[in-house]
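In the two complexes below, chain A is the common chain; its partner is chain B in one and chain C in the other.
== the complex of A and B ==
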């Protein structure tokens, strides 16, 4: 076989050459754009993160690690890291768990379950900015539906719930204007928007689980639904889970639309929702502090690449839990 | 059976929370300002005739207009004439709330322009993405050449870089060449879809070599093979990619927010809605919700019509 290949190659060296030239010709536009749009900006951000450059200035000074120093010493950026990580750490596990739960329930219901699948997927399709504005109305402290609904419970038996009792006595939370609630409301909307996406990925993963595995597990004495889930479903969904967690993390890191819609001026009450993408936008674009914006960009890229590399590593090991 | 009821109860509770904002958005877009403030009127609102205060105010006559109208009202004093004109204005300016909201959505802001911009931007992005990615994917899947592994490695590396994350350096580069506030700025960063290359390469790998060899026998050039042989076989994958791409860019807010400042002519739908919100006073909740509905609806309707394809398209990234 190898000999035949070799002889064909020997007979048509110009043919091989021609194919190589065409191939490079076909790939060149993509390669050029890849360099210009993806790789060069990373380098540009890397270089600028060591400078005090501003758009409109003719030159810049090298400032060494000063921008990064600032990121790790100023309280604003401490708040930025806290807000970003709180958001990621809350939204990722809950939206993955809800996605898995919804997928299992929907899957077990057969065809009727498709109705729920459609409904849960709607927020994924909808323009997040528009939906954020709707949520803002609903969360309005006085005319918003949410507080109005809570107020209806005042004077009824429901007042035994401490939250409602407090609200009826002292007024319900301001939600978006309240530094204790703002970040949690943001997380809630993130989960609301994203869990349907995870559900659909899990549903795709579930179709790949072999029926025989359940029979085999039952033979081995796995009688309860929980045992079957623990022994068969969860391990089989391992690769899906790795993927779902990674993509949820990357999406959560990139939260911006809701923050900008709710708090256009500076990241929420007491900067409690000052997430990284908003910081890049505010520092780099609005305030023209490109050095510091680039430093945040670099840090952001490191986080995201690190996550993806962990995912690839896990997938290549063909993870199976349990 | 009882177990199924529990499942339905849980799922219905979830569905209520998921649907609540969609319900409110539609409902507000039907209601009058008063009904929105008081929280009355059910889903559709009472649809009683309402008077548009801005419209009436615009028709408030000044001295000259009163003088001009005087012959029509013989023997009346100026203030009586003014009252008569204003009474007429109130009649002319009264509409049903739903009509008021949706007409205001188009009149107060150039919503049609925004929608058109959204269409232009998403369509050009998708078109260029295909134009760039398909030949590269074909080369990587079906042609043997020195450096192929390296090119593919580069594609895999670039998959790690989310374009939103490098928005700041991209913005600086565009500003340096004076391209901010142009259609080019809205489109350019998305012209290269590494994911598209990766996806189409995986798909092309499954196309039998015989098909390509036959085309070569017929004397087709490699470029012609890409468009006339590979493209037709790839329609299902391409459709899924189209949905993935269009949904992402119709809904994108971050990038347009950065490169488009000031000029309304370039606003995409989310930017337009954002500006509407900035301008709006309390009485404009209805028209704003009408705008939101108009922006969200095209994709939602398309999704409801072609659910399977949409879910395939959006979860494409699951194929990595």
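== the complex of A and C ==
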């Protein structure tokens, strides 16, 4: 018995070694690709953010933290942060709330719900760039549908509304050309475009809510729709909400195509819509300032990473799975 | 605690008639089981009583007050669901407290942060805690209070669901197949516990099950439902010994009752051409069905009524069930025998069976019990 045990013990490490070698061998191509495609670019961007490199130059100088210093001292970048955070802070909560609301309403409908689902999802399917052109026409200060509609109210009872009264007297906003309105228009389009996607995610989440829980809630005395929502629906949607918020945040940080379509030259009136993605594009691609472009990219990554970590932490603490 | 009355309740889902005029009165503190095969409408009836479903016609009254139009939350009933339906994000203690929080705390007092500091909230919260405490002590789930349902076993979840039902003082408890997700051993144990709980609370229980053993062991009365109707509602012993319908007789009792075709002509009752006895009172001639429970059949060598071969045996230790293929017939009958008789029951062995006609239940061709057909047994035929 002892001899057999000994022989097994002797053979075991060899076998384990061989299995390990095979495992590494099989994993190597995937690992190599992962490093090459996913991690190396990040590291390269990180390295470049400390240089003054431009594409086509034969060499570059190390500039230390000068790029980052510039990001936090120049007023252009201050505007960039303000625009980006305004956009995220406005678009994420509203598009999540609207998505949830639409999902609850659509879910309560029968077959007709499918029609609503399709309609709300249309802006998500349409290319934002093409849609932006339509918006640009509609928002045109003089010939756009929106201002023309407002003008129709001039001289009617509707002029009691201060916004319309001011517009009729001094002219309606320029919208895309107005530094007070531009960022809000951008937010509005972001919400319009994004909430249908959140709705679809929430609809998927709602199918997982156990029907009998609503009956139990009714028996337990939850009479109003709000009480049933608080007791059953909202807790059940916890995992979905974390995912929807994360995805919405990342998408909001990445807003670019609307800005590029509306203001191809420099990020809106008085740089009021100069969002991070556009700044990266402008510095890194248009002006070929790879160093500063990389610095913004690194900052962008840090923000997104930070958000993801917060959400991870939230999930582990609060949200109930299963 | 209160009685319940259900009068001519019907329910249609489109073209399908699920309940065809069900009438049932449940007395205060009574334990009534609704039992029947899947799809007989028993769960629908329970949900109509609860108010989760509206009847197409008919009335429900609790304690003499009509509640047909009243919503479920206002009927003051408690329900235990088949899936237990515990709130997965709440701990056991919070789950049990939900019915009390919903009823005794106002919406503002339930608010997470400021709620506890509002006037009156403190006393009510401590009352709720006391009620939860006593419910958990009754069900012996004290150590589980801080766990979430996901961390509990099936039996523990079942107890929590019971706790949530009995934490307040409802007019009646409605239980929808509460044991069907438990393993066999736990089911037997919980069965006894629910029966004890009923005796202790002296509350009205309506218990839906497809398992006749649960119905037989726990109930004061059993309502056997089939095809949307209550066929018979009586005490378990009456249902078993004196069923008024062949479908009731076939559904209750395990193994199933044996049904043999008998013929009645000229005051003679014959089985497979053999005269069994003579009827005392005039009854219509024709084909009848004779129901014999497995324990009514006896093995006999002297003058058996029917003979056959042993086709299958089930030895349960304390008793033996044998399926006997009758000679010259296609049907089989099931016989319950004592373990001592096992040596006579080898597979393929020829056996003779006898029975006393006193134990036989006579049904007409449509399955209705014929209590008036009494058979006087000829002495030489009786074999016991």
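Points to keep in mind about this one:
Just so we're on the same page, the second predicted complex is superposed on the first by the 276 of 322 C-alpha atoms of A that agree within 3 Å, B and C clash if a C-alpha of one lies under 4 Å from a C-alpha of the other, contacts with A are read in each partner's own complex, and residues count from 1 in each chain.
What we mean here is this: a residue touches a chain if its C-beta (ideal position, glycine included) is under 8 Å from a C-beta of that chain, and two chains touch if they have at least 3 such contacts.
This is a predicted model, so every value here is computed, not measured.
On the superposed chain A, the positions of chain B and chain C stay apart, so the two partners fit side by side.
Touch criterion met: A:235 reaches chain C, while chain B stays clear of it.
When the two structures are aligned on the shared chain, A:210 is found in touch with chain C, with no touch to chain B. In the superposition on chain A, A:281 contacts chain B only, with no contact to chain C.
Within the superposed three-chain model, A:221 lies in touch with chain C and out of touch with chain B [touch as defined at top].
Our angle of interest has its tip at the CA centre of chain A and reaches the CA centres of chain B and chain C; in the overlay it is 100°, to the nearest 10.
In the superposition on chain A, A:305 makes contact with chain B only, not with chain C. Once the two complexes are overlaid on the shared chain, A:152 sits clear of chain B and of chain C alike.
With chain A used as the common frame, the shortest Cα distance separating chain B from chain C works out to 17 Å.
Note: no residue of chain A belongs to the chain B contact set and to the chain C contact set alike, using the contact criterion stated above. By the touch rule above, chain A contacts chain C in their complex via residues 210, 212-213, 215-216, 218-223, 227, 231-232, 235-236, 238, 320, 322.
Those residues of chain C that touch chain A in the complex are listed here as 47, 50-52, 71-74, 77-79, 81-83, 85-90, 98-99, 102-103, 107, 148, 150, 164. Residue ranges on chain B touching chain A, taken from their complex, read 4, 7-8, 10-11, 14-15, 17-22, 24-25, 28, 36-37, 39, 131-133, 135-136, 138-140, 143-148, 151, 154-155, 158-173, 175, 188-189, 191-192, 194, 197, 222-223, 226, 247, 250-251, 253-254, 257-258, 269-270, 273-274, 277-278, 285, 288-289, 292, 295-296, 299-300, 303-304, 307, 310-311, 314-315, 317-318, 320. By the touch rule above, chain A contacts chain B in their complex via residues 16, 19-20, 22-24, 26-27, 29-31, 33-34, 37-42, 44-45, 48, 55, 98, 102, 105-106, 108-109, 113, 116-131, 133-135, 137-138, 143, 145, 148, 192, 196-197, 200-201, 204, 240, 243, 247, 250, 254, 256-257, 260-261, 264, 277, 280-281, 284-285, 290, 293-294, 297, 300-301, 304-305, 308-309.
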